[in-house]
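What follows is subunit A paired twice: with subunit B in the first complex and subunit C in the second.
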Partner chain A sequence: MTRSGEEQELKERLILIESMIAEGRRSHERWGWVYVLWGVANCTAILWTALGHFPYAWPIAMITASVLTAVLAVRKTASRPSTTLGRAVSSIWITLGVSMMLLFPALGISGRIDEYIQISVASAMLGMAYAASAILLRWKAQFACALIWWGSSVFACFGKSTPVAVVYLSAIFFCMIVFGVYGMISDWRARKLEAVNG
Partner chain B sequence: MTENIDRELKDRLELIESMIAEGRRTTGSWGWTFVFWGVAYYVAIGWTAFNRWPWAWLVTMMAAWIVCWAIIRGKQKNQPRQTPATTIGRAIFSTWAAMGVSLALLLPALGFSGRFNQHIFVAIVAAMLGLANGASGMLLRWKAQIASAFVWWVATVVACFGSDEQCTGVFLAAIFLCQIVFGVYAMIFESRLRRLEADHA
Partner chain C sequence: MAELPELNPVIHGKLRLALLSLLAGVDEAEFTWLRAKTGSTDGNLGAQLLKLEEAGYVSVEKKFVQRKPQTLYRMTEAGRAALTQYVRALKELLGGAM
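Let's turn to the complex of A and B:
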């Protein structure tokens, strides 16, 4: 193959990758409701535990959120073909879910966890998933969320009870609820634009 | 019209399949890092067990980072032509890079704040490695790597409920199977592919 032919192939490949990234980010925005759902589930579990002192608040909230996510996700994905980027992002989130669902109940039941370790580890794992997805989709807003999670993870190790809770609740609010609503609005705008353009 | 859609779908599927094959091969070319980090974990565990020096893990991990980075730089310089990054390659890189940053922040923070013990350490590291191996294995549809993820997840649960000895034993076994054995397997897989390509060229 000639040099210009190789350059052309590289250029075409780059254009394809760019379009796949744009498509991946767009499809990720359609999942904005998941962030909001999990943000609300986390807040509910925290408040339920703090105010109601109910020991099963976390398992009930997490299982309910998992079932709701699975049911709604199956209905949403049934009609759409999967892209490579979509598969990449979903594999990160699915394995994050499996890891968390194994780690936290095991640590909790064996009595090896306290609120600081729980917040620190949960924030670090969420930071990992957000960062991996953000690097892949080249999405600055999501990367900013990863930085917030990592900040919350380190702060939970050194801070006192109330400030740690405030930082964690703020991280949930910004990185799950605000980011999720932002994704839903972006998706709604893009859909409206598509409808106008026919 | 229907024929065109079928053709487009077929092209897309072929592209995805070729990307997966390429991604698996790229992972194979990084097989040495699995072995390298497996050996680094063993060095750190051995050092801590025999010397009881509290900084053994930190020093070993930092030294491993520097050596790993130097080897990668050296390899990149020796390569005659840079190949462009594929989507799957970027996905795998982003997963492992994000895991590295998360562990590099979380583990020293937990250690310096005195909130650590052996069980929590093994449970966290195993859960994170299960996540990264699982994500990569699902993406590449690579059963061996998905099996590695399961081994790490089992290690997570055993670390929480087992005794000190069981926790150490399961961690050593998981490192051997998922880092050393899987790393060597990936290296053999890649060298076989390279030899096949050379024969066909």
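Let's turn to the complex of A and C:
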């Protein structure tokens, strides 16, 4: 083999290493549906409580969303290898979910909460989770969502009832439903590109 | 004149290199996932993984999940060190060309 031929082969080896390592780490992107699911669950609970005055709207919506997330997540990750990055990101969302599931029912039962505190704390917690995930994944769109959540948290401390609710619902719509759909479209495009490139 | 480094022959095979690189990015991987990512046949993949296992670069765990057999592969510390050394040697060899 000529010298340039050998060099070319060695370069191909390096490219192969880089592409395979990247391939292994690419297992955290397919989670857009979770954001959509939780966005829909939150909107359903809010509207059900506001319009139907049904006291069990939140527990029913949250438990349904949790069960659906767990079942679908197990099915989707069954054949995929786990990565350190994937575990780091999922740990953020699992601990956020457990914290919220414990805190808000407890505050609701004890009566030591009002709508402003609920929205402010929920938004701050979501902002923290979105920002931490965005920093790990280097995902600018997700960090923009974190800023929206933090804005909603601060606004809930000063605003009046209706504007606070409108800002919170808008945050849910953009940061969960729109962001989730965007994530699903990005993933679909990436898979399509992958299929074209073989 | 400085001596050029030798490339580890166990890793140098294209499929074995691809397998070690894939395992470098994950905690552990199933045989079926490795087969899908490399586009290799069962026989060839099994043979190459066995060579990596014999060299101490990967470890294997066989278990049953919902009554289905599952073979999991993990990169060992020796495998990680060997891959790092291989990349270093490659870059050194390519030194002037890169």
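As a working rule, the second predicted complex is superposed on the first by the 169 of 198 C-alpha atoms of A that agree within 3 Å, B and C clash if a C-alpha of one lies under 4 Å from a C-alpha of the other, contacts with A are read in each partner's own complex, and residues count from 1 in each chain.
One rule holds for everything that comes next: a residue touches a chain if its C-beta (ideal position, glycine included) is under 8 Å from a C-beta of that chain, and two chains touch if they have at least 3 such contacts.
Please read these numbers as outputs of a predicted model, since none were measured by experiment.
Undergrad: In this superposed model, does subunit C or subunit B come into contact with more residues of subunit A?
TA: Of subunit B and subunit C, more residues of subunit A lie in contact with B.
Undergrad: State whether A:14 touches subunit B only (first), subunit C only (second), both chains, or neither.
TA: A:14: touches subunit B and subunit C.
Undergrad: So in the superposed three-chain picture, is A:117 touching just subunit B, just subunit C, both, or none of them (first/second/both/neither)?
TA: A:117: touches subunit B, not subunit C.
Undergrad: Once the shared chain is lined up, is A:84 touching subunit B (first), subunit C (second), both, or neither of them?
TA: So A:84 meets both subunit B and subunit C here.
Undergrad: I'd like to know which partner A:22 touches here: subunit B for first, subunit C for second, both or neither.
TA: Once the two structures are laid over each other on A, A:22 reaches subunit C alone.
Undergrad: Which parts of subunit A are in contact with subunit B and also with subunit C?
TA: Dual-contact residues (subunit A): 10, 13-14, 17, 20-21, 81, 84, 87.
Undergrad: Of all residues in subunit A, which touch subunit C in the complex?
TA: 7, 10-11, 13-14, 16-25, 27, 79-84, 87
Undergrad: Along subunit A, where are the residues that touch subunit B in the complex?
TA: 10, 13-14, 17, 20-21, 81, 84-85, 87-89, 91-92, 94-96, 98-100, 102-103, 106-107, 109-110, 112-114, 116-117, 120-121, 124-125, 127-129, 131-133, 135-136, 146, 150, 153-154, 157-158
Undergrad: Can you tell me which positions in subunit B touch subunit A when the two form their complex?
TA: Against subunit A, the touching part of subunit B is residues 9, 12, 16, 19, 84-88, 90-91, 93-95, 97-99, 101-103, 105-106, 109-110, 112-113, 115, 117, 119-120, 123-124, 127-128, 130-132, 134-136, 138-139, 149, 153, 156-157, 160-161.
Undergrad: Sort out for me which residues of subunit C touch subunit A in the complex.
TA: 12, 14, 17-18, 21-30, 32-33, 37, 83, 87, 90-91, 93-94, 97-98
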